[in-house]
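What follows is a pair of complexes built around subunit A, which joins subunit B in one and subunit C in the other.
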Partner chain A sequence: MSLASDIELRSGRRAWLSEQSGAIGLAGIVIIFWIVFASWAPGFVSPFNLFAISRTLAIDIVIGFSTMVVLATGGMNLAIGAIGVCSVMLAGYLMQKLGVPYPLALTVALLLGALLGWANGVAIVRSGVNSFIITLASASLYTGGMLILSKAVIYNALPPAIAAFGRMRFGFVSPLLIVALAIGAALVVLFRFTALGREILAAGANARAAQLSGVPVSRAIIVAHTLSGLLAAAAGLMLLSRLGAAMPSIGEDWLLPSFLAPVLGGALLSGGSISVVGAMIGALLVTTIRSGLLIMQVGNFWLLLFLGMMLLLAVLLDRYRTVYAERRSLGRRA
Partner chain B sequence: MRVTIDSIGKSFPGVVALGGVSFEVHPGEIHALMGENGAGKSTLIKIVTGVYRPDRGRLLIDGAAANFASPRDAIAAGISAVHQERNLIPRFSVGENIMIENLPIRRGLVDYGEAHAQARRFLDMIDPSIDTRAEVRRLSVAQMQIVEIAKALSLEAGLLLLDEPTASITDHEAQALFAVLRRLRSEGKAIVFVSHKLEEVIALCDRVTVLRDGKVAAAGELIAAMSRSRIVSAMIGREERVAEIGPRTFARGTPALEVRGLATSLGHKDVSFTLRQGEILGLYGLVGSGRTELARALIGDARILAGEIRLKGAPISIADVSDAVRRHRIGYISEDRKNEGLILAHPIRANIAITIWPRLASRLGLLTRRLEERAATPLARKLDIRTPSLEQQVGKLSGGNQQKVSIAKWLAASVDVLIIDEPTVGIDIRTKTAIHELIAEITRAGVSVMLISSDMPEMITLADRILVMRDFALVGEIENERRYEPMSRRIMGFIHAGLEAGESQQEASHG
Partner chain C sequence: MLAVAIAIGFVILSLLSPAFLTEYNLYVMLRSFCVVLVVAFAQMLTLAVGQLNLAIGALGGLVAIAVGGMMEKLGFPISAAVGLGLLIGLGGGLANGLLTVRTGINGFIITLATASVFTGINLGVTESIPFYNLPGPFVAFGVGRFFAVPYLLIPPVLAALLLALFLARTAPGRYLLAVGGNAHAAELSGIPRDRIIVLAHALSGLLAAIGAILAEAQLGSAQPTIGADWLVMSFAAPIIGGAALTGGHISVAATALAVVLVVLIQNGMVLAKVDPYWVQFLLGALILAAVGLNRLRAVRVEAA
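Our next item is the complex of A and B:
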């Protein structure tokens, strides 16, 4: 049968390579930055800094995933920082004020994240309003609610196991990074090998066509937002472990890196196409630049400018890719 | 206006779209431009209208070389066109869209009253029922096409190019368009007319140029001197195959889908009919008569207010599209393949398997590429989808192959009832026959098909029975004898009959 023949396999492999070409290019850029930073600032590759990088990277990766799963549907979630901090503050409150054992407290906090994400998804599907507006509103709503309920206190008398996990190290790798990689592996399985993940991507690529093919598009959007909330909560709790304290200021600076990682990694803003591996490498680039500029004692102001520029570049790249993809997919009709 | 196309060539990466094409369009003639998909017609039109620049050759207008840098230049030179793809702004009103190239200005501001009045004039030539103040995005596909035509007419150009203008409109509106074109011809305008429908080309045009693989296969031949089969063989390089869908036998007794007294949120009041197992039931009607909307209601995409739907005798309720598809096995192929039918950026494999993802998943819930391939490969082979690989993006396929993928995904879902809306819009004559055979073939395997088509020959070739719809109600039912003349006359009779006549016939058809 010709369809299963050698030609097919070869073209499949070529397609896979061209799919990954973005990730490979991005990895090249990361390597260049590492060489530059390592030669200009030897402290960059010190065991201490490598450990610091692995901890930050882990959190940046999960923040990026949180936005990525919603980008898959062609939507966005501006409330991930708000969801993250709500979960963190709930975990802090449960452990410090109520003395709830930490496994239970962390589980409840994760569930809260999923619940807040689910509420976003339901609001988007029911109202038919763009996810941008809904999550812009819910971000303020969640943060405001959290500040009112918590009175903006800091919970810093947490069970020692929390901070101990954040300080733990295998060589110069934090176990947090292993958690992030495990989440990444789960997402690869979801989006590549399950009907649910494929439905989310189909809904993002062409919602109407997916719907008319029997895909429950509304459910796919709600699931994506629930997952996004869960991942935001996970990122928050990972940060909690790194800081050893639950602070109401967590999540304020997540928005930029949350878009940077998946978009640099090749997710189409119009939906339907994401790359888990790409998002991880994108997060690595963000972390690398942040750490490198820190080591070289370049101020935070410059960092912001630099990251902003990168997002702009990534978006321009996305734009170029969309136009290119369209041209290729529509072919040349004569 | 005399337009001379002088050995024009155009290449795209990897494809020679036009390889030195020459012919001439005279003032006061309707010049047919024919050829299969990919023959180079649309590329040529885009060169004449300044969308593309030719790589080689010259374009002469009344003997003077024209060098268009943009579509604006072409419009300024007196050339207007209806392109195959839509060029309307969805959120603007019909009137604004029609007049967009020269909005009337008074004291520095747009004079909307005047704009709508002028737009009205051009719209009235084809279809007076469209409101110039309606937003374009609220219109049906056919109404949008009419707005496109009115927009092209509004430029009152010396050369008018129409690329498949009748692809999505009904005979009735097409006749109105042809009357306008004949009038423009008598005023000395030059008209280039692209169509897959041979009947209308022969009835309307004076001369014909046929393109094949980017080259001229017949240049400016008189239509009167060309027989139908000569045009076709110039197009495809061999003799035409007559659509032969074989003898039709199906168990006349077993109803697959019964609809009784259906009322929908889209405006149907009391629709009743029966679709028998293995039957092709045609649904004919003018644009806006509620055919597509009926399909939407049947697949759960619109609210059903009253009435009963029975599937194989058992009453069902349809909650949403996914319920219709996955539980009741009713499928729908939209007339708008690009936006509603297929996910163009995804591979053929995924587009076929999408209807059965949950069913395909292994016991662990895993859905691998291999499982999808196993489901899609036999269908791709059976339907003869021409592609080097199932990993090919659907957007890269020809229209005919895309339509085969649309059908394949419903065969994968093993639907019992398949509603097909305008199956061969914009599909060339060779593939059209293959699609027709395919539709007949799937009914032999037990699928019951409801066929919505504005293409009368297609309807009469395929349907076993034809329902006629007008104003969201069924007004007639005809057993198809497959003879074009009497059948088309009877169908149009139902459509144009007075209200009382229509109602009494509806009574009769229910009896």
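Our next item is the complex of A and C:
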């Protein structure tokens, strides 16, 4: 027992170290980009642009978290954008058409996100089918349903408090970023210090082993997907506050950033290993590049090319790092 | 079972709507069948070896604008532009396959990244502006028909026959199915697993290119958005046709039937003047239903 816990502690510490080395390397890349952009385009570090970055960053972070929590179980969620837009449109409808006060409307919208995520989780666990296929189908189902019900209208007569929150600023920091950081802190607590978070990671690392040692794997998967839906809804509502209007096109372009942030941050696609801080730095890198290219007027058109190359480069580097680490540890043992 | 569903749908539609069995409507249906069929085959091949290809639509979009640009801006003859377009598709697929195999990274992430690269090049080059002035014969091919049969149907049908022959009768085709069925066993019996996975990705890219060129001929212009909505459809048909995501179980005929079913449903909804948003909703529901049915069947087989 003590031996087992000792090994766990040691491997845990090693995992923690390798995780941090990745995060530190990533932070280094972010700093280089900031130096490059700041020296080439002085507008990059203007208070106005820093505020704009903090607003987009907040949303990118939460979108990344939404994928990260299902990556922890070794699954994926392609329906994040669909869930986000469903929540946004419901919130818009409740506030504009029914005159529901905004705290209640936002709560209901968050609950809808959690519910849609829960449905994904239940379908995956019950059918035993790959989460990729289930969420691909449910994304189509949710978006289709939203368009049928909303007739693709835009709700832009929302309570002023919504847009006011998006425009609010403390220095050059948007309160949206504070919300994102608070969510990050909550996730750190969940995955480091609670049994539930540990169960989700265990289910992702090795589902069979986890099952045999008494972890309720199915429940862990459903919880992760419910949480993912809730986070997708949160990201959607933050975007609603930034845009000041509920639009049916929200979420269409979330797929790439949702994977970029956690994967750049060192999450394993096979599950069991994630880094909350890494995902935040990953999101920062994405936002930095996007904003830098905009300021340098490279234009939105080349952005996708850059992001795609980034993702390729990141996974290649990560692969190289893993191989290198394995070789070193083998060498030491021999 | 798919065939039965199609037959029932056919009878119901022809009873309910007098417009359904007209020559023109059959032509419209067959025409929308073409691109979807090839796109479904593109995904089917990667599913066959237990891989996913998220880049089909992005690669298709790139090929479409490349072919359009070569014909309109560079004045290439049609055959040269189409040939080079097919090569781009093959090359893009090859890159997907090589990256997946060489790095050992999940094909999902690789193709998510390359999809973004392909779309990025597409948008960077065109700045979202389509090529409208395509050569006359190319556009004429897209609208030409023999009674209800569009000329556009010829390449997909040829592709289907060749693909069926390839999978059933040639060694690489058999290997492809073997790798998907059980990669480890296939490797132990001397099948070059990595090379087969690369082959599947390369052929998938080639089929995506064919789909793109067909879509371009069908539209009569090279839109940068070609392929943007292929993702769900590309998975829907092979899965409804019963391809297991674990690989190995694919069928050209079943995938083709699934495409027929989807096109039939779409057409029925157009005739019934239903909100087009329902198509997206139903597509998701159909995939889930197919997955559920497959699961039921598997459980019953296990119980027996």
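We adopt the following convention: the second predicted complex is superposed on the first by the 298 of 334 C-alpha atoms of A that agree within 3 Å, B and C clash if a C-alpha of one lies under 4 Å from a C-alpha of the other, contacts with A are read in each partner's own complex, and residues count from 1 in each chain.
Everything that follows uses one rule, which is that a contact is a pair of C-beta atoms (placed from the backbone, for glycine too) under 8 Å apart; a residue touches a chain by one contact, two chains touch by 3 or more.
Because the structure is a prediction, the values reported are computed rather than measured.
When the two structures are aligned on the shared chain, A:Phe170 is found in touch with neither subunit B nor subunit C.
In the superposition on chain A, contact is made by A:Thr194 with subunit B only, not with subunit C. Of the two partner chains, subunit B is the only one touched by A:Gly272; subunit C is not. By the document's definition of touching, of the two partners only subunit C reaches A:Leu147; subunit B does not. Of the two partner chains placed by superposition, only subunit B is touched by A:Ala202; subunit C is not. In the superposed pair of complexes, A:Gly214 makes contact with subunit B only, with no contact to subunit C. Applying the stated touch rule to the two superposed structures, the subunit B and subunit C interfaces on subunit A have no residue in common. Across the complex, subunit C is touched by residues 76, 123, 127-130, 132-134, 136-145, 147-148, 152, 255-256, 259, 263, 269-270, 299-309, 311-312, 315-316, 319 of subunit A. Against subunit A, in their complex, subunit B makes its touches with residues 12, 15, 17-18, 37-44, 84, 214, 299, 301, 320-322, 324-326, 332, 334, 339-346, 350, 354-355, 357-358, 360-361, 365-368, 373, 377, 380-381, 388-391, 393-396, 409, 413.
Listing the residues of subunit C that touch subunit A in their complex gives 52, 99, 103-106, 108-110, 112-121, 123-124, 127-128, 231-232, 235-236, 239, 245, 275, 277-285, 287-288, 291-292, 295.
Taken in their complex, subunit A has these residues touching subunit B: 1, 3-4, 7-8, 11-12, 15, 189, 193-195, 198-199, 202, 205-206, 208-216, 272-273, 325, 328-334.
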